[in-house]
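Presented sequentially are two complexes of chain A, the first with chain B as partner and the second with chain C.
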Partner chain A sequence: MNMRVTGLVVLVVLAVLLPYGVGEYWVGIATEAAIFAIVALGLNVLMGLGGLVSVGHAGLFATSAYATSLAQQHLDLGFATSGLFAIGVTIAVTALVAALAVRTTGMYFLMITLAVGMLVWGLSHRWSSLTGGENGSVSGVRPAGVTRYYQYYWLVLGVLVAVAVVLWYFQRSRAGMRIRGTRDSAARMTSMGYSPAAQRFVAFLASGTVTAVAGVLYAGYYPVVSPSTAHLSMSILFMLMVIAGGSSVYLGPAVGAIVLTVLRAAVSAETQRWATIMGLILVAVVLFAPDGISGTLRGRLRRRTAVPPQPAREPVAQGAR
Partner chain B sequence: MSTFTVAGLAAGYQGHPVVDGIDLTVEPGEAVALAGRNGMGKTTTLRAVMGLAEPAVSAGSVRFGDVELHGKAPHHIARAGIGYVPQGRRIFRSLTVAEHLAVVARPARAGYEPWTMDRVNELFPRLAERAGQFAGTLSGGEQQMLAIARALMTNPLLVLLDEPSEGLAPQIVRQVGDIIAALHASGVGVLIAEQDLSMVRRVADRVYFLDRGTVAAQVTAAELDAHADLLERHLGVGAGHA
Partner chain C sequence: MSGGELLLTTFNGLSFAGLLFLVASGFTLIFSLMGVLNLAHGSFYLWGGYLGLVTLGATGSWVLALLAGALGVALGGGVLERLVFRRVRGIELSEVLLSVGISLVLADLALAQFGGDSLTIAPPAALAGSVELGGLVVPRFRLAVIVAAVLVMIGLAVLLRRTRVGAIIRAGVDDEEMLDALGVNVRRVAAAVFVLGALLAGASGVVGGVFFGVYPGADAEMLLFALVVVVVGGLGSLQGAVVGSVVVGLVYSFGVALAPDLLYFVLFGPMLLVLVLRPRGILGGRL
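Let's look at the complex of A and B:
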């Protein structure tokens, strides 16, 4: 086992032991951080691997959370079956959005994802006979034997680890390589016989599926799924997690999710000005750590240990060349 | 492989025609050069054949056997059996050498010896040594070889090469020429846009000279020396230097 894997195993063991060290409030925050870490890893399949920025992922996340809650209430399904139902629904929605969005890149891609996020938010707000409107939809169903807060935390942590492992292999698979190749140059990929739109579709679908898994866990975590889950600010928060953590380091987005969630909890206890603080963090990251927290730390470590650096990655958002 | 035919091809950028009425053929397994100075339409011809977004093709037909390729998306044209090695190498920066080859690999066509990772590594020992390296860290010559190797992994029947000698040292140009000659010898058709006479001599069976977007002359490789005027006019090579 190499150093990196050993370090990760130690981190996971520490994370498992967390409920023995801190109280229910912080275990709750850690649960939320782990759920957001799953979203951030999923979003990074689009942003880091695919070079496509989505500002509508909260829409997909909320679709999954609402579908879980509604399936439990109206179809009388349990945690697992409602979860599978919600993942299916979200994959279908993702496929629809992806089919529209993947023929574009850059600003147009961004606008389509934005529209989808707003659409889900609007529906959750206005279709109150189904969604409960501003009051939200009752959720919080957990599987038998995993009802206590720390048990649910372990479940979420387990899913996070599983998602991280699966996505690690995905980005190294031929499908993952083709997505990277399309990000580097759509024109080169197409002249090798691969449709760039098809590669982007696969990236979007993988990203949406992972986001759906997180949405199911979120519905089990919170007693109510409300329209704020689908709000643009939530999409921006997910995007910030990826940027702050560093999209070029595999687990960077997860680091960003954990840091921002914990920071938000700590700051919110003191002041109402979380949004201002988040804005300042973004400015600081862009100015002083453009590769994100993980990317910058890795750069420092590399310089110190004098291992030759990997070639610089191209920026996240770019059009076809 | 079937005969590859371009007929009456006209293409240009933003309404400005660059090539107009190009006619050419590549017989099965033949190596054909498109020779000419900069700006005469060599790259535009290859890009138009490949169906890339730019240039816009205004007229003409591109046929591979009975199949009309004009108007199809580039990935459909590539799947019809046309490999493309763009000008300036154009590798994928964030993929390693091995990933480059794995990612584009396609099954071979019936009756042709398949290009596999092993066979490509045999032809390009330099790339085999650098399998785990990111393509962006390779030298210019190695990147050119990788671009050719990548095209071969799609198991093409015809390879289009756009100025493979560009920006390379003479010694590397010779190596690249040997490789193109080797893949031609293996039965793959070659259409190469080139202004380096040594490369043209090394690989081509037949040469089309392009001048201001049209085919000005056509000779076989054996006839090249008898046409010092063509070499002078289209490649800027004086009779004394040819």
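Let's look at the complex of A and C:
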């Protein structure tokens, strides 16, 4: 355990030192990777801990980013106040979506999140008097003293570490345990007097809150929030980060976010076919590495050190057809 | 809105409902037997449209275009079922994720091949123009779509309820192991249903190309419509697909006519209402 913490501290220190080693472009990519890592960790509260797959998280992410941008423009708020406003708005939206979605599980849950994500995209696209339509909404406001690219990177990195620590304790808290218990057996939780829907609601709300934080950071990172932020492919990217990283390992989704963000930057420089590659990665992960990068690596390590492998985890979403 | 406009809007809604049913019935069929939520269904629709468009351009024959769209996508769907979906059969989440991955690839390849413009498919000469129907002048093609949807609906109902194949399909939904033990090749039945669903998606792509054109993003839009239809009607139920299509088709048609700016809200209204009142849809259940 201590060794693990030490290893993580070393990794964080290396990440802090990154701007001294690489140029502005790659620090920008790293900033984006860290923002997506926050989303992926938040999404994994729902997917890994709750066993509920959301294909609509880009909707929440974009809600937060748009709310930040709009609050800055129309309410004349600064970074922190607009951020808090956006997080509040996103939590309210999440609560609304969750109230509907947690009545179901499995494929129905997935479909509802998908539809809501597409609804947000449609609104961002069509409601142009508010959102600016295709042109997007101006953003990019950063707090005083954190305006340079590397300073903003450090801010995002700090938030990522804070989120990772908070979620670590959240998943071990009573609330986290109840969510896990609901994932493994809703019937057992019901017989113990807990409402499965209530646990799922808490999981969704926690997940949405973390996603909202990432959305605020994203609005500060990019000069414009555009409808592509809410697009289905973005939701799929988030989901893929969790799955490719490995939802059963705590920091797996963050690993997935970093790997995929860097890969996307590298691929996009070479070809326009990123969507094809992303689709093929998704297919390959599902067929050949269902535990994701970190889950598969951990399996390998365990086998090498001759510890009997863990029994296969339950599939993420238990099917209620 | 005058009486004539009211009737015309209703007619347009019903013809759109016909198209929706063609798309959603395949979607719900695949789900009910195989338990696969095939999110690549929209991409099947899109590729059906493009295949039809190319064939129409090359041969000038609408019948061949419809066949190419339907059979081409059915073939592609069969290959995908064999090579990809079969490997994770029964693992719901893996199946839906695979379909997401495949839809990304298919949509992107279509974009690479056909570009970003909206291409329109001309209706067949025999169905061009309008026809008077009880004092109402309506496009022939839209009338034909309603007729086609009703025929497909009857065909599917007969297939499922009256034939041996239908009995096997329904038995497979209820108890797959038992059916297997009775000597029925369940895998083959499942593959056949998947191909049938793909065929319907491909054919509706050609039809939809006349309605809205074929363009990148049509796949996601149609998938969204199909989702709303099955959520409203109830996933895995043929009657549900009928009810859902009619509700969504009419809501969409009146939404466009009355409040185009609020279209998205209007479209999602019935879905949210159904989710609150009946989370499994109006006629939720299995075939």
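We take it that the second predicted complex is superposed on the first by the 312 of 321 C-alpha atoms of A that agree within 3 Å, B and C clash if a C-alpha of one lies under 4 Å from a C-alpha of the other, contacts with A are read in each partner's own complex, and residues count from 1 in each chain.
By definition in this document, a residue touches a chain if its C-beta (ideal position, glycine included) is under 8 Å from a C-beta of that chain, and two chains touch if they have at least 3 such contacts.
Not measured: the values here are computed from a predicted model.
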item	value
Chain B versus chain C as contact partner of A:Arg183, first or second or both or neither	first
Which superposed partner A:Gln73 touches (first chain B, second chain C, both, neither)	neither
Contacts of A:Thr296 with chain B and chain C, given as first, second, both or neither	neither
Touching partner for A:Ser228 - first (chain B), second (chain C), both, neither	neither
Which superposed partner A:Ile243 touches (first chain B, second chain C, both, neither)	second
First, second, both or neither for A:Arg174, with chain B first and chain C second	first
Which superposed partner A:Ser191 touches (first chain B, second chain C, both, neither)	first
Chain C versus chain B, contacts on chain A by residue	C
Chain A positions touched by chain B in one structure and by chain C in the second	none
Parts of chain C lying in touch with chain A, wherever the complex brings them together	31, 35, 37, 39, 84, 87-88, 91-94, 96-98, 100-105, 107-109, 111-112, 220, 224, 227-228, 230-231, 235-236, 261, 263-264, 268, 271-272, 275-276, 279-280, 286
Footprint of chain C on chain A - complex, ascending	53, 55, 100, 103-104, 106-108, 110-112, 114-115, 118-119, 122-123, 126-127, 232-233, 236, 239, 243, 272-273, 275-276, 278-283, 286-287, 290, 315-317, 319, 321
Touching residues on chain B, where the partner in the complex is chain A	50, 52-53, 73-75, 78-79, 84, 86, 90-95, 99, 102-104, 106, 134, 136-137, 150-151, 154
Residues of chain A defined as touching chain B within the complex	174, 177-178, 180-181, 183-185, 187-195, 310-311, 313-314, 320
